[in-house]
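Please go over the structures that come below.
Below are two complexes that have chain A in common, paired first with chain B and then with chain C.
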Partner chain A sequence: MSNSSIDDKDITRELWQSRLPICFILSDEDMSKVNRSESPEPLYLMLSRHSYFPCIIEKIFRYYSTYYKGNLNDQTNNINLNNLWLEYESIPLKWHYPIGLLYDLYTSSLSSSSSASHLPWQIIVHLSKFPENELIRFPDIESIEAHYMTTLKEADALKHKGQIIGDMQKRDHKQLWNSLLQDKYEAFWNINIKLMSYTDNLQYFRYIPFRIYILDKPFMQKLFSPYNIEQNKWLTLYDLLQYTLNHEVQCEKLANEKKFLNNNIENYRVIIHGVQPPLHSPIQWLSEYFSYPDNFLHICLIENQMR
Partner chain B sequence: MEWKQKIFNQLQERNRQERDVYAEIVKHYNRLTENYSTILVRCTDQERDILTLRQENTDLQKNSVSVAGLPVNDKIKTLENDYMKAKDEILTLLRERGDMTKEVISLSRLVKERDEKLYSEQNRNQILTKENVSLRQRLESAEDQLSALKKVNETIHDEFQALQLAYTQLEERQKELDATIAVLRQRMTEKIEKKCNALDEEVKLHEKRMEEDVKRKLEEAKSDFMTSTLSNLMTSTTASITHLRNANLDGKAHLTPTIDFMKVIIPKKAIVKWDCGDNELHAIQFHPSGSLIATGGSDRKIHIWELNAHNNQVQQVYVLTGNNSTVTAIDFDNENANLILGCSEDFACRVWGLGDQRLRHTLTGHGAKVFCAKFVTATLIASGSQDRTLKLWDLQNRQCVRTLFAGSKCHDLVAHDASGSLISGHFDKKIRFWDARNDSTKCELQLQAAVTSLSINREKQLLLACSRDDTLKLIELRENRVIQTFSHDDFKVASDTIKAVLSPDCAYACAGGNDGSVFIWNTTNGKIEKVLNKEHSSIVNAVAWHPEGRFIASCEKQRRAILWGE
Partner chain C sequence: MSTIESDKTESKTVNFDETNLSPTRPSGDSENDGKIVFLLKAAGGAPILKKKKWALPRSKTIGHIVEFLKKYMQLDVEQQKQLFLYVNQTFAPAFDTTIGAVNDCFNSEGILVLHYTFTPAWG
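Our next item is the complex of A and B:
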């Protein structure tokens, strides 16, 4: 029946070859300010799930700026790279989340049917009226790289007390980021495999780096070990989720929150990388092979809709 | 690990839905938008260009409009008028130009024709001058030739006149001489007659006296001693008679008989028959005096026989030796040098002296048997040989002075004159007449068969040729024409060397046949006169006529020679 000879490499390769069709449409008020006879056509791009929006923001801006050629010097229009922001269903998109994560989080909750009907993902490009309150302005490439490295170091700190990432040279760090940008699987996993090794004579990571995202709430991150020493068993995804939700409810109670989180896993759909892995999958394996390139497991919990 | 499988399957499904379905479409869509944007750019550029062009156009129109100003119509009219005038002018100018070009064409044609005419005239002129030059040259050369010829003509004319004078003189001299000769001859004949008569009378007287003497002596002897003195007298008388005869002979040996003394008679019977030599006889010849006969044959010797005319006896006088092979022909010289020439099959001719019987010369040089040899003069001998050449020998130098190449065996030859012109008869049926000055034949006469012998008369006008077709031909030498042919049913020419002779006065021709008969023809009417047969028993090889015409000598193959006479 099931072929147990599926290599972990096949899964990581499939993960790496993920693409999302995204359609960028100019906002209406910006469309009206176009000073050419033709209105700009929507921009379609196939973007990698584990990439970040700031990586292609230059492209988006270049495409739309051609339609404002004459008015670039006009300050009143504020057509500016700094003023560019992306929106989906009137939700401004945060730029420091991976694209796949944003897609899973926002589209999965919108309808009960399969997420495929939302493709291509239609994002509205705004060139003006930047929402100062909700969004930090899109940074340049170097800032995104710094954010990525920070996340990576945090993950390694959780896994190996930061030993491995500290031992790696700057060249390797650069190689990780560049292979991510240039979509080079082999180059990336050459370095990444070191980050998946074990230290301190452990057969597992010390703590699993993960974040759990629920709509309209900040993400949850807890300390969780993948192996139960006392019961001598590997912990599963279910265990992680249960532990996290319970811990969160406890925190809410301590903080005297009025409304509590629903901590029944049955009410949620668990989506990582756009798929729903079986809840009994060992978490250690998931952390090693199913993480995002920043070595974090970004898990989306989508509430099942009341029918 | 079915959770792994589930995860993998889900991932594949996700990829399929998210990526595979849209990848191609997005790619093509992006390409289209790119093309679209480039086209837009081009379009805008072209619109801009169009705008600028329109702008320029409107500017130009504005300019043109503004230039006209207010009185536009008048200007237009004047412009139109000017325009019409200009057109008319142009038309007329064009017409004029057309006419001019026509004139130009016709004029150029005329010029071309004139040029061609001029060129052809020049060519003709050149040709004519060349002809003129050549004609002048020819004329000059012709004039030169003419002058030269005139000179030559003059000289020839002068020579001719001189010769004519000489000739007339010589003619006159000759007439005189003839007259004197005639006179002298008459005198001589009268004197000789007188002398003969005197001699006869003297002889008669002498005889009479002798007889009277004898009678007297007889009567005396009768009276004294009859027998002893008689025989003495007989011997002495015979001795004296022979002495007288010898004296006559010696005297006659130095004299050739005169022409008028010839009295050719046809022999009727054999007078003397004798055997000469041991073998076949090939040649027989009379000494010009008529008293000696020479025979030669395959015994390699030449026998000289003395003819005693009065008692018709032939005695061998001497034998000439020296030949190494059969003697084929004998000749005596006619100029009183007393030489005898014999040619033989040992390729040489030999000359002996008759007085001392000594071999004077041996003439070698022929490459084959010498068939014939004749004295041309006393110092010039001609010989013909089987080696197809004729040679002329000079006895003073003892050398061959000329060799004539005849191309065919020469069977017989005769000397035509003293300068060395010869007539020779050949195996190839031709008689060749040789010129004395060069080595070529003056003339050739073709007969029906091989020529075996030639005989010429004393005046050198008639030639008798004997040929193998059993005929004799008489040829007249002025026109080289055969005038008579002699034949007889029994006359057969048996070999290549049968000799036929003319009589000394050319009245008769004689030849011997192969059955032993001797035939005599009359040359004037061509009929046979006499056939002398029954005496020879084999082929008659050669015949010779006595110079005085009284005897014929013939020799046959079987050593027998016969003297025929009255």
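Our next item is the complex of A and C:
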């Protein structure tokens, strides 16, 4: 879509390389069960924004389990990998959301400090009392891979009626996931570039894969074409947001809800990958260059605080 | 317009209330309170349901439907372990996805078709 393809590619590389410094701190409850003379220090890791917490769960568990020697399979302690969960400001973190999305959504909305920087991101590690009703257990690597692949299929269903991913070899699917795990940008984009092409004589995606997240609400996802044929113009991030918010309010009215979403865009900060893209950015461009590796644009709307 | 509080949507417990799931009203009645109408189709050898057409508020999740089906179909312990719900016979949305979001993107002429299986039929 764009003329300066070299500059645009640089952006995808920058996004790929973006990291978050995270400080994992053991919960007080589990700290009290440590059976060594010294308590565990916080664990500091630099994690990829587009990765998923379960990809490093084993690493976290191995670090803390050295402090529970002899206790590991003790029933009364319940300290085991299956019971590990992560929390930020009393919120159990969903394992299937990319790390960067969780950071953008929760630290911007919830942090009690008003300072701009919430880094390193402080996360509480729990090794017991898994919140059964709020979280699915951190699954194994195969489950996260399955989740990633199914999300990719959904994105392609929206963009190309599933034609491109359907025609890909199984080994191409594997390459996408493995390069994500092993942090291999070139290997990833060698395949991902195919998912960014056009089909059906269109010069754009049929529909844009996107999700909009507002704190304490399930995400919103709608059908949205990036090009307005009648008016012969490219639609922007602003257009997409306005359409989604208006549509959602319509749905709330049809469902006889008592309270409605605030559909005034001015009320929100719009964050993708930790930055606020200009609202006049063409959504086709954002979809091609600013999507997560699952090919979705995960967009956070952070309500502006009342001053 | 001041900030509106969000409505608490999906209850966190898995207990299902059968009255939440009702077959659609007679065809002459177009009012369905903004509920999502969906068809449940069997795949991969799963048993076929007598009632195929259902309606749910848009805020209900895929996970809610899966838990309901497991109980409604009176599955044995082995079968209860995994029930997959597919859209477009292609992908299985995460359990916390609302049926409203799925419907908005993948309904066909106002009806959403979901396939249920015991095995990951489409990966």
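Throughout what follows, the second predicted complex is superposed on the first by the 294 of 307 C-alpha atoms of A that agree within 3 Å, B and C clash if a C-alpha of one lies under 4 Å from a C-alpha of the other, contacts with A are read in each partner's own complex, and residues count from 1 in each chain.
Everything that follows uses one rule, which is that contacts are C-beta pairs under 8 Å (C-beta built on N, C-alpha and C of every residue); 3 or more make two chains touch, one makes a residue touch a chain.
This structure is a prediction, so every number in the text was calculated from the model and none was measured.
S.K.: Quick one: chain B and chain C on chain A, clash or fit?
M.R.: They fit: once the shared chain is superposed, the two partners occupy separate space.
S.K.: Angle at the Cα centre of chain A spanned by the Cα centres of chain C and chain B: state it in steps of 10 degrees.
M.R.: Rounded to the nearest ten degrees, it is 140.
S.K.: Touch check for A:247: first (chain B), second (chain C), both, or neither?
M.R.: A:247: touches chain C, not chain B.
S.K.: Check whether A:158 is in contact with chain B, with chain C, with both or with neither, and answer first, second, both or neither.
M.R.: After superposing on A, A:158 lies in contact with chain C but is clear of chain B.
S.K.: Pick one for A:258: touches chain B only (first), chain C only (second), both, or neither.
M.R.: second
S.K.: Let me test your reading of the model: by the given contact rule, A:44 touches which partner, first (chain B), second (chain C), both or neither?
M.R.: It touches chain B, and chain C stays clear.
S.K.: If you stack the two complexes on chain A, which partner ends up touching A:136: first (chain B), second (chain C), both, or neither?
M.R.: So A:136 only meets chain C here.
S.K.: Considering only touches as defined above, state whether A:222 meets chain B (first), chain C (second), both or neither.
M.R.: In the superposition, A:222 touches chain C alone.
S.K.: Taking the superposed arrangement, what is the smallest distance in Å from a C-alpha atom of chain B to one of chain C?
M.R.: Chain B and chain C, overlaid via chain A, are at closest 28 Å apart by C-alpha.
S.K.: Would you mind writing out the residues of chain A in touch with chain B in their complex?
M.R.: Those residues of chain A that touch chain B are 1-4, 6, 10-11, 14-15, 17-21, 38, 41, 43-46, 66, 114, 116, 119-120, 273-278, 280-282, 285, 290.
S.K.: Enumerate the contact residues on chain C facing chain A in the complex.
M.R.: Spelled out, the residues of chain C in touch with chain A are 1-7, 9-10, 12-14, 33-35, 57-59, 61, 87-88, 90-98, 100-101, 104-106, 120, 123.
S.K.: Residue numbers of chain B touching chain A in their complex, please.
M.R.: Chain B residues touching chain A: 1-8, 10-15, 17-19, 21-23, 25-27, 29-30, 33, 36-37, 40.
S.K.: Can you list the chain A residues touching chain C in their complex?
M.R.: Interface residues on the chain A side: 94, 96, 133-134, 136, 146-147, 149-151, 153-154, 157-158, 162, 166, 207, 214-223, 247, 251-262, 264, 267, 303, 306.
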